[in-house]
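The same chain A turns up in both complexes below, where it pairs with chain B and then with chain C.
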Partner chain A sequence: MIDSKDLDPNFKYEVAAEIGGANINRCFACGTCTAGCPVREIDEKYNPRKIIRMVLLGMRERVLKSDFIWLCSTCYTCYDRCPQDVQLTSIMTALKNIAAREGYIHPSFKEQARLVSKFGRLYEIEDFDNKKREKLGLPPIKKNFDDITKITKDTLPKGVIQ
Partner chain B sequence: MKYALYPGCVMPTEQYAYEMSIREIMPKLDVDLVDLKGFSCCGEPIKSVNQMLTLSLSARNIALAEKEGLDIFAPCPICHLALCETKRVLDSDSSMKERVNKHLSDEGLTYTGSSDIVSILDILYDKVGVEKIKQMVKKPFKDLKAATHYGCHLIRPSEIGRSDDSENPQKIEEILKTLGFKPDYYPEKLDCCGGLLTANLPESALTKTGQKLQSVQDQGFDLFVDTCPWCHRQYDSKQIKAGETVAAKLEMPVFYLTQLIGLSMGISSDKLGLNLNLSPIDKIKTGGK
Partner chain C sequence: MGDKIGVFVCHCGINISSIVDVKKLTEYAKTLDGVIVSKDYKYMCSDVGANLIKDSIKKHKLNGVVIACCSPRMHEHTFRGVVEAGGMNAFNLEIANIREQCSWVHEDKVRAIEKAISLVRGAVAKARLLEPLQRSKISVTPEALVVGGGIAGIQAALDLADKGHNVYLVEKTPSIGGRMAQLDKTFPTLDCSGCILTPKMMEVKNNPNIELLTYSEVVEIDGSIGNYNVKIKKKARFVDVDKCTGCGDCVTSCRMKGHVDSEFDMNMGKTSAIYMPFPQAVPLKCTIDPDSCLMITKGKCGKEPLCVEACEANAIDFKQKDEEIEVKIGAIIVATGYDLMDPTSLYEYGYARSKDVITTLEMERLISSSGPTSGEILRPSNGEKPKSITFVLCVGSRDETQCTWCCRIGCMSALKQVYLLKEKLGDDIEMNVTYTDVRSFGKGYEEFYRNIRGMKTNFFRGRPSEIRNKDDHLTIDIFDTITNKLFEISTELVVLVPALVPRADADEFARLLRISQSADGFLLEAHPKLRPMDTFTGGVFIAGCCQGPKDIQDSVAQASGAASRAANILSKKELESEPLVSYVDEDYCSGCGTCVLVCPYTAIELIKEKDGTTHAKVNEALCMGCGACVASCLSGAMQQRGFKDNQLISMVDETI
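This part shows the complex of A and B:
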């Protein structure tokens, strides 16, 4: 049930103002995105056409609080095939960026953000890793990314990392 | 040809065989690889959380190579996409470039846009070329039907400039033919491996992997060839688990393209990290079945 009182007509403009969000209003709901989506194929919860519709209708809360915006595998099939160049993968990213700023963030992404800001990469390089690499005849990875802590601090929304 | 090798996160800490085979074959194809100090994550995994962070991290990595006057070779298609997309955004939007460069200024780095970013296929197919690879083949394979898996980020989104056609990529097939393989089409060729769903939908991720491998196996392919460390982890390292999710006994040999090139050049299997492949690769030998 959709109650028009709960809708935010400006939500689509908010999304359009995000990096990669500009083409949201072009969607004419043909469903090419959903037809080619590998996640939709195995999980009914994820339906890109429906998500775009919800945004255009202004269902701000429901979209940002939802699990489903976090289910995109970023395969870019919809992005590539969309006849209106809506750039869906980028729209999903824009939606997740807004959600993260408002404190709705999937825990696994929060953890990835923590790892990258702490170690400069998704997997920490320790002496153990370099010893393993040495055994395989690979050169050591030299750590030198103290400075990215500043980049992560400047860019990540508050509360994502302590 | 000389490139800064951008290792990314997964290849240098887990998918060693990819890195080993790259470091073995590239010098033989007259490609010099330079290791730079200070590369970090490309930022793609955290793009969902904040895109400015992704742009800034990618720009920082590119700036490190620019400082040395080198182009970048990014073997991981996900890193390659992040770096290419950043380059595209910053080269076309000067205010964004300015914002990003502010984040880099503390380290004395500046993104200018002077370095090119190339993928594994850009190097092998477009820079080195199949003719040169052909000249290096000493021990060709014979009569083996190969299925290729490009990996989503290597071919999509085409708008950003990817390494092959997004609907009908053929460059891996062309390379495999020079090694003696018989690559063939299969309807699921463009399907996603599911790897990037691992963080929040681990079961679904494995289902995607299992479904694709099962259909490849059912269609009588002898081996499966990929070029992405995330995809390879799904198809090779997690093959048994992936089989369980689709109730199939999967026995599909999975190789990095670079491992097969190395084998056909006569490079020993231990130097190509073949003992690190977890799928049943022993049945595939140079010289045929």
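This part shows the complex of A and C:
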């Protein structure tokens, strides 16, 4: 049972204040978003309609700490078809931003950030890769990513990279 | 000139007095030049308040009154009557709006009283300069024009005719009947639509007070309340209506037979180039479609047009031309109806991709025994009976990207069709309904919905994301928000329930009539609650779906209301006109004509005098007192009574 006193009535305004979050209050729970969602088709845990309802009800902690806000594939189907123009994809981004600022980041994203920061891309370039490129007549990829490391150090929120 | 002014401050319960210190305001007013009495009261618009004003006028022989209260839009009319009853000229009254423009919009009491004081000071300054004005009389033409021959227009015309007024009923298509004529049965009583409509259509035809002008359009309107001149174009039918017997021999003989989309059947069936929209058409006369008739488009039709050969009455007349007539009337009722939104704009619903995705109105023609399939329910793609039908509600309605409003009839018309289809195809046919909310608000509607829920029908609470063609059927993705489960519906026929939208030519028509539209494009009523049939243009009324979506019951009620409102005007020999109109000081007028150009009511003309000078002249019967001419006049020759430059400037000086 959830105690209604634990709900945060200001959470929806907090989301609405984020870029792309303004239309969240329009949601009338029709479910068009979930009906067209490709992620939902393979994982019942992800339900955009439910996430929006949870935000509107003020279930702040549960939403921000959850895994499911990180599952959106940003395909924009829900964004396109929502009859109330709720702009769900932007709201998912807004939720991720709030969560990240509060230190709730899904481990897979932390790992991705670490890789990008270290290698400038999501995987490491090894000698093997450059040898293969040489055979194909392609120039080698440089392995020094100091500039990217610097950018990510300055831009990523604290706690993303340990 | 007002040198004995009374100021009356209204508390409006606590609407004003909770923010504005009314006692202080009343005392302050006494210090103003010309004010000899100042009083406050809780409700100035009550009998007691009115008597307070009347008695003060008599006792102090007042020649000016300022009432500090709500907006003049609320009670100016009331208070003009009050001061007149007190023995003063009604136009020596000035309202200081300290409610809408002060107490309702401010919280800071100190600054609110400051503002109220300056508003009253300005009003008193104007009252000092107001002059007594007299209302003039306008004669009334006791005839009416009703535009639109659907159920609303029919009802309005019959009501006015019953009251003894001559009515011109103008209908754009060849027959009256409108959308209601296209319906099979009506919810929630399942009355046969034709059975309850056609008697009224016959009444229109037989009523000596109604002149029915079908296949006609209003092309020009000028004049004002009580006296409008209207030009009506009677389009050429290429059939002599006096000779045509309505036998239909021409329709069956036409070379284009079966090749022309039937507009009445929502293009679900084919007709000929010469056609009768439906068997109970009024008037029962044939019409040639100029876009598909070979004689008209190509100049020849075989050796001889077959319709001419077939018509024993010799009614076909290819030489017929459009005709224009002019009528004089005193009031206008607009009942031009609605269109259905074209669902093509919602690409994901596949209306354009599959013949088996149709609209409610198209389904209505399939259900109707006078429709293209004689009432048999057949899939448009293969002509076979469907084993599964799915209704999708709110298509484009309640949609921020399409139509934000509720169509008000979608839920009920879909439920009705579910019932009728079950009746025709048996309860065992698979029936699915996807809905956002079922709004069964009217009398007997909820009970109807309850009965449908008891039938074999799947209700999915949600909106489909997509409707796809798959082999010979359709699949729909729907998330049922109640079970929290995704469903895939396989179905053979999809019925979309599209939004109701204003007629395609609503903008043009509103401009022609000089009436306003609301943001959604429907025609705007003067007040959503208290004047739902009036427009802001005197003598023009609205009824039915041109004002906003509604069901038949509400359309009929509004039509009778509009007829009654119009009769208020038509039953009077004379109307009193407001004297707050503009006039020209001919000595100052250079005759530049700017005012003529800006006047939206064509109330001003240029007059050339014998001595060669020109000046503007205002037709006071046409002037609505909008003030556009005054604002545009370069020399100050144009003035508006009750709002003259010196009155307004003095008011502004004192206010600020």
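By definition in this document, the second predicted complex is superposed on the first by the 154 of 162 C-alpha atoms of A that agree within 3 Å, B and C clash if a C-alpha of one lies under 4 Å from a C-alpha of the other, contacts with A are read in each partner's own complex, and residues count from 1 in each chain.
Throughout what follows, a residue touches a chain if its C-beta (ideal position, glycine included) is under 8 Å from a C-beta of that chain, and two chains touch if they have at least 3 such contacts.
This is a predicted model, so every value here is computed, not measured.
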Should chain B and chain C be called a clash or a fit once both complexes are overlaid on chain A?
fit
For A:Arg133, decide between first (touching chain B), second (touching chain C), both and neither.
first
Partner chain in contact with A:Ala17 - chain B first, chain C second, else both or neither
neither
Once the structures are superposed on A, label A:Thr152 by its partner contacts, choosing first (chain B), second (chain C), both or neither.
first
Per the contact definition in the header, classify A:Tyr123: touching chain B only (first), chain C only (second), both, or neither.
first
For A:Gln84, decide between first (touching chain B), second (touching chain C), both and neither.
second
Determine, under the contact definition given at the top, whether A:Asn47 touches first (chain B), second (chain C), both, or neither.
second
Using the superposed model, determine the angle chain B, chain A, chain C defined by their C-alpha centres, to the nearest 10 degrees.
90
Touch check for A:Arg26: first (chain B), second (chain C), both, or neither?
second
Scan A:Thr34 for contacts with chain B and chain C and give back first, second, both or neither.
second
Per-residue touch tally on chain A - higher for chain B or for chain C
B
Chain B and chain C, closest CA-CA distance after overlay, in Å?
6
Under the contact rule defined above, give the chain A residues that sit at the interface with chain B and also at the interface with chain C.
77, 85
What does chain A use to touch chain B in their complex?
18-20, 38-39, 42-43, 70-71, 73-77, 79-80, 85, 87, 89, 93-94, 96-97, 100, 105-106, 108-110, 112-113, 116, 120-123, 125, 129, 132-133, 136-139, 141-142, 144-145, 147-148, 150-152, 154-157, 160
The chain B residues in contact with chain A across the complex are 7, 9-10, 12-14, 16, 19-20, 23, 35, 37-38, 40-41, 43, 45-53, 55-57, 60, 89, 103-104, 106-107, 152-153, 156-159, 166-167, 190-192, 194-197, 199-201, 204, 207-208, 211, 271, 273
In the complex with chain A, residue positions of chain C that touch it:
348, 394, 398-402, 436, 461-466, 477-481, 484, 486
Within the complex, chain C is touched by chain A residues 23, 26, 28-37, 40-41, 47, 49-50, 77, 81, 83-85
